[in-house]
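In the two assemblies presented below, chain A is common to both, partnered first by chain B and then by chain C.
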Partner chain A sequence: MTHEETVTMIVEEMRSLPGAMLPILHAIQDRLGYVPKEAVPIVAKGLNVSRAEVHGVLTYYHHFRQDPPALHMLHICRAESCQAVGGDALAEHAKNALGCDFHGISGDGSFSLEPVYCLGLCASSPAIMLDGEVHARMDSEKLDSLLEEGK
Partner chain B sequence: MIRDTDFGTPAKISDRSVTLEIDGNRITVPEGTSIMRAAGLAGTGIPKLCATESLESFGSCRLCLVEVEGRRGYPASCTTPAEEGMKVKTQSDNLARIRRGVMELYISDHPLDCLTCSANGDCELQDMAGQVGLREVRYGYEGANHLGDEKDESNPYFSYDPSKCIVCNRCVRACEEVQGTFALTISKRGFDSRVSPGEDQSFMDSECVSCGACVEACPTATLSEKSVIGMGQPEHAVVTTCAYCGVGCSFRAEMKGSELVRMVPHKEGLANHGHSCVKGRFAWGYATHKDRMLSPMIRKKNTDPWVEVSWETAINHAASEFRRIQQKYGKNSIGGITSSRCTNEETYLVQKMVRAAFGNNNVDTCARVCHSPTGYGLKQTLGESAGTQTFDSVLKSDVIMVIGANPTDGHPVFASLMKKRLRAGAKLIVADPRTIDLVKSPHVEAVHHLKLRPGTNVALANSLAHVIVVENLFDEAFVAARCEKKAFDEWRQFVSNPENSPEEMEKATGVPAMEVRRAARLYAKGGNAAIYYGLGVTEHEQGSTMVMAIANLAMATGNIGREGVGVNPLRGQNNVQGSCDMGSFPHEFPGYRHVSDDSVRHLFEKEWGVSLQNEPGLRIPNMFDAALDGSFMGLYCQGEDIAQSDPNVKHVSAALSKMECIVVQDIFLNETAKYAHVFLPGSSFLEKNGTFTNAERRISRVRKVMPAKAGLEDWEATMALSNALGYPMNYGHPSEIMDEIASLTPTFSGVSYEKLERLGSIQWPCNDHAPMGTPVMHVGEFVRGRGRFIITRYVPTEEKVTRRYPLILTTGRILSQYNVGAQTRRTENVAWHQEDLLEIHPVDAEDRGIVDGDWALVSSRAGETSLRAKVTERMQPGVVYTTFHFPDSGVNVVTTENSDWATNCPEYKVTAVEVKKTHGPSEWQKKHKRFSHEQEAFAITKESLA
Partner chain C sequence: MKVFVPGDSGSLALGAEKVARAVSERGIDPVRNGSRGLYWLEPLLEIETDEGRIAFGPVSEKDVESILELKSAHPLYLGRTEEIRYLKNQERLTFSRIGITDPLSLEDYVSHGGFSGLDKALKMSGQEIVQEVLESGLRGRGGAAFPTGIKWKTVKDAVSERKYVVCNADEGDSGTYSDRMVMEGDPFMLIEGMTIAALAVGASNGYIYVRSEYPHAYSTLVKAIGILDKSGYLGKSVLDSGKPFHLEARRAAGSYVCGEETAMLESIEGKRGIVRAKPPLPAISGLFGMPTAINNVISFSSVPFILSNGAQAYKDYGMGRSRGTLPIQLAGNIKRGGLIEKAFGITLNELIFEYGGGTASNRPVKAAQVGGPLGAYIPPSLFDTPLDYEAFVKIGGTLGHGGIVVFDDTADMMKQARYAMEFCAIESCGKCTPCRIGSTRGMEVIDRMKQGEKMEGLLRDLCETMLSGSLCAMGGMTPYPVLSALDHFPEDFV
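Coming up: the complex of A and B.
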């Protein structure tokens, strides 16, 4: 199925939801890993809004990606609780280990690195999420071994 | 000050008012008015950046904060409504500190190049920095900023410089609220926020239609007219009326001396309320184009080169030729054509000259080929040859039915108003063979699109009427009180006939019967229902029948005589309503009074001091026929290009070639001038005084902002010709012509330049019964007394598809070009539309092996021409479409002489054709090109006007 077909199908399924634009963009990203450029006119036509309006919403939220992500997605929590118990150091470590900044892709192309603001695991900070799975009480060594497994 | 006061938020209308105190001054305002506007009305300006009165308040710039006694904090005055007893302080030490702080942040990311900035002298940011007393910017300019952002110069008329943008959102909101296109957004967030056309594209690649609303809304130099960047700020402004379409937008011509800097839509204009389209706002460059003809010229025959002569020589030559022809061929062997592009006063003079100086009734106008069926049909049914409503009436409609009109292209400023109402919840029905933009565009969608076959309008209208009558949806009380009973009963019986049922008529129209039934129910019972129609209704063999069928529908459902309803012809040209009102028809004097009416004729005979013919003269197509049989040999043609705009060009050019004296008065050497013997250089709308009457019967002033480039205004040239013919005319100013019109025409008797000056504009009828004019007609009673239903039997057009010509060609217009394109082709508007294309459905294209961009030969029984194909699902199978803006396209080589049975309005909308793939221009096009080159060489080349 091409991206256009996938997007068209999602739009057809969801267009009658109230406030359908965000759920549709989420569904596209969940399915394709990002919201490709060709999705914008299809979503616009399906919701009978302009391309500009879709673009405005799409670029407003950092969550939505406009480029394909790497094979794996690493989210590091940057919220208060995690920062209080070593989150900053963990984030620095991740950047060094992967050789990229937040919103970037690791040097070897296998990880996308994204910040996230609270995973709901404050009691066991610092927390991360790798490919949708959360990991708590994280430190540099644990992160390294997770990344190693991921490769 | 050449800019209007801006009260920051829109005026509110309310039955209730509130009184508040602002800085100790009491003021009473309608409930719902913002504190900002109330303060402005009380004479106190509150600093603002994101607020402007054409847009709803937004509250983002935080400059307009005020203090309200008894409330905590500092509410934004733009978003806070005034309340009874409120006590507001607009200035205090705290407010001053906050405002300066906000301003510092703005300026920390804004270039400090005020002296060399194009907005210098017209910049709200600069003004506000001054008002809040900004003296320093503590944050410096070292950090992240947008000062290096690249300009977007893609639009030919305005520039987008993001480095000057303060992200106030006014442009985005103007595109949404005013224009309704939604082409702009803010991309990203926080510091990264930027105005984005489309998907961070250039303006030209986005959905932008270049209406200029964003440029008008921009408070800084970010969006600026290139003309202002080039010339600097204007120093005075003159209010005038646009000379393009029948919306008749009011503009302020902003000038430097006699040079036009820009056209800015006038906020107080009642037709446009400060909005504009790409044509009126920007496409005025033709007025100073190097192709303008500036000298009178004469020649013996059209194979001779032109000779430049004085006005006197040209006028005397024309007059002596006309008299010679009349002596040789008779009094009726000459005639005149008035133009819907010229002023009321000018058309009045041309018809007066034809009747009084030529001594016959051979005067017709280009309305013949567009809205003549409207004049006839509405007169027969309702009693007056004009639309029934104001444009603003659409804001009270619940159901809007658009038939054979394409407002977003043809009448864009009205379309924006209509879309505003549709976004607010009105239901839309579109009857059109094509999927026009209105059928589905952002935030607007037709509930029913009746995609009928061209030529079957009457079948559709009858089936709508059938449902309304048979399902008892008509307004019995209205019909009983307001309409002729006998005529209604006969009509009722006629439409009830099963042959008019949607199921039967579906065979002709191709529209599913159930869709028609639903549309009829919605129109009849959906609340205030208004019909808007265009040339898709009139330009048919049954054009007049369809106009009457529309009037029948409105009367039967009681949808006439109040706001929100009515029958609304969207008149094509700036003054097509006016030219018809002014008696430019061979059978009617000004005010639609028949020439055979003795009392009326005697009135004109007495005033004009001549005896007048009591028989109608020749219509335009009759003139051509008479030329070919040798009985019509001289023509005075003012501001109309019959050789391009009239159907069956080969027939027209043969007729023109036979005439012995054609006098063309135009600003360009148009197609007709290529057959002419005398050329009189015309004046553009910027070069003369007068009035135009728009589609809502609104008479507005046209004001001279620069001298006539060729020396005479058009009415002065007509006057000179009349005097040379021995019929004296002595007007010192067009206002004197209007006084004569008012004295002779009951519907205009209250109109004068003095009153126009006072009221801004007047909707006729304006007389003792309605001294302030008449916004909505037929209130309480129809002009003719009782409304008259007329039986409208569907008769299929003679133009039938055959095996030889299996497709139907229909024609129309596009946003960026205007009619024959004489003006818009000579502007940067060609950036959007450089040639006429043949739109064809994918199925028909595939059958013929045609892909996008291929040359396609379109042939009918009248002729053939080649156009590039555009394959699109906007079309229906079996129907092809093109525009007629370029003479080389030769679309009217293909159209036939079929015409409306009552008025001879040509059937441009239905021509049976075949389409074949070809390799380039047709034989006619090649021949036409040679002919054009030859004719252009005959005219002396002009120095550039600049």
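Coming up: the complex of A and C.
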């Protein structure tokens, strides 16, 4: 199925929901890993709003991506509880290990690195999420072995 | 043998899945309960015995075989779960089932007192339900502490063909996780509370707006709603009462300001999460322009107890105008991080040192940030402050959603102040200048102070402008962490 077909199918299925915009964008990203450019006019038409409106929503929310992610997605918590127990050092370590900054893709192309502001795991900070799985009481060594498994 | 291994994300993050698998491999299907909230002991494995449940923790998969064999002779044996001091001294009115039951077992829920509040509510008028909640003294647990009963009365009295109940499950405050524990550990309780609210105000439809950072909570809620739809608790006619309540969980998309109630409504409607000017109040004109009762997860979840046991039973806990209990969350650099539900009035000293055991790093405590990223940094000299909404306002702080993040003496308060400004700059919805521009200026000013420039006056002026010129608490309270850092830790700014 092309991206256009996938998006059209999702829009058809969900457009009658009240406030369908976010559920549709989520469904697209769940399926494709990001919301491609081609999706914008299809969503706009389906919801009877302007392309600018869809684009505005898409870019407003941190969660939505407009570019394809790497195979693996690493979220590192940057918020206060994790800061209090070495979260900054962990983030620096991740950047060095992956050879990229936040919002970037690792040198070998296998990891996307994203910040997240609290995962609700603050009793066991620092915390990360790798491909939707959560890990707490993290340190550089544990992170390295998780990244190694991912490669 | 009945064995329990938590399945909430807090435990999964510490390896509970591997522990559960190790139990299964030995021919026992473990119950995947929520967490008791003793996170320094997670994964906590429990075994049911004639004397009650006994606990082991923190357990890794390699311990499982010997635990099942040796039981109380095992080195990780903690005794009877209920007798663990941290848990024993709590007042768990809202968290009474969490960690005990299977979150998605309707049978467990009902046999542990679930739906007794709804049963009562079904025999009452909307006015009577509102009155009960009003008398309990319950105030919103999402941060603003507005009396829940008054809000419900406004929605009830509004005349409209359609009304909504919306649960704010955005839980954006760092250092907080009580909403998550409820959604993952006792979702039926939240839904029961929302259903009671719907009966009270006359709403037929509801939404739970769940942050996208909580995929586990979202999927548990979707399952829970499905179960209750099928068994007649939700849908066209709640328990054959003739009153409809259709409920749906919606995913947020990673914007902190969408926790602000009007930004949340915009987001559910499918727009950018920009804060609306008030009035109109959402209680009069909320979701899709209809009267809407918006509450936090813990506010709704407190209601079944109140209906079931009566307003007085709830009101008997607490101090001053802060009635009932607060699920407090210990976080950051803390030896025993976890959930403590206690009546208002307990002090930070008791929480951080007696429950929490001080810092995990074994270094002196320097500060605690209470109430999330918009909360003040409080020095140990003020740790005798009781947890009470008014007492916290008096010391220039806020209780917020009840999160306490502890820092040791290596923390740099200038860095924390800069982060507060940075977070505001990242998350500002952009509607007001003091918030949008002021936060970026704030970062720059602090950067220059770091270079040795004397700019405290300018930073304070900037905070003043944000305090007075912001539409919502994002810009209006970002000065709290900044000013408290300046006031209590001036030595970090030279």
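Just a few scattered comments:
Here is the rule we go by: the second predicted complex is superposed on the first by the 151 of 151 C-alpha atoms of A that agree within 3 Å, B and C clash if a C-alpha of one lies under 4 Å from a C-alpha of the other, contacts with A are read in each partner's own complex, and residues count from 1 in each chain.
FYI, contacts are C-beta pairs under 8 Å (C-beta built on N, C-alpha and C of every residue); 3 or more make two chains touch, one makes a residue touch a chain.
Worth saying up front: this structure is predicted, and the values here are computed from it rather than measured.
When the two complexes are overlaid on their common chain A, residue A:50 makes contact with chain B while staying clear of chain C.
In the overlay built on the shared chain, the residue A:84 is in contact with chain C alone; chain B does not reach it.
In the superposed model, A:119 makes contact with chain C only, not with chain B. More residues of chain A are in touch with C than with the other of chain B and chain C.
With both structures placed on the common chain, the touch criterion links A:60 to chain B and to chain C.
In the superposition on chain A, A:40 contacts chain B only, with no contact to chain C.
By the touch criterion defined above, A:103 lies against neither chain B nor chain C after alignment on the C-alpha atoms of chain A. Within chain A, the residues touching chain B in one complex and chain C in the other are 53, 56, 60. Within the complex, the chain B residues that touch chain A are 181-189, 196-200, 206-207, 440-445.
On the chain A side of its complex with chain C, the touching residues are 18-23, 25-26, 47, 53, 56-57, 60-64, 75, 79-85, 116-125, 127, 129, 132-137.
Within the complex formed with chain B, the chain A residues making contact are 37, 40, 44, 48-56, 59-60. Across the interface of their complex, chain A is touched by residues 9-10, 12-14, 37, 39-40, 42, 171-177, 179-180, 212-216, 250-256, 267-273, 288, 329-334, 337-339, 360-361, 369, 373, 403, 405-408, 411, 416, 419, 423, 427 of chain C.
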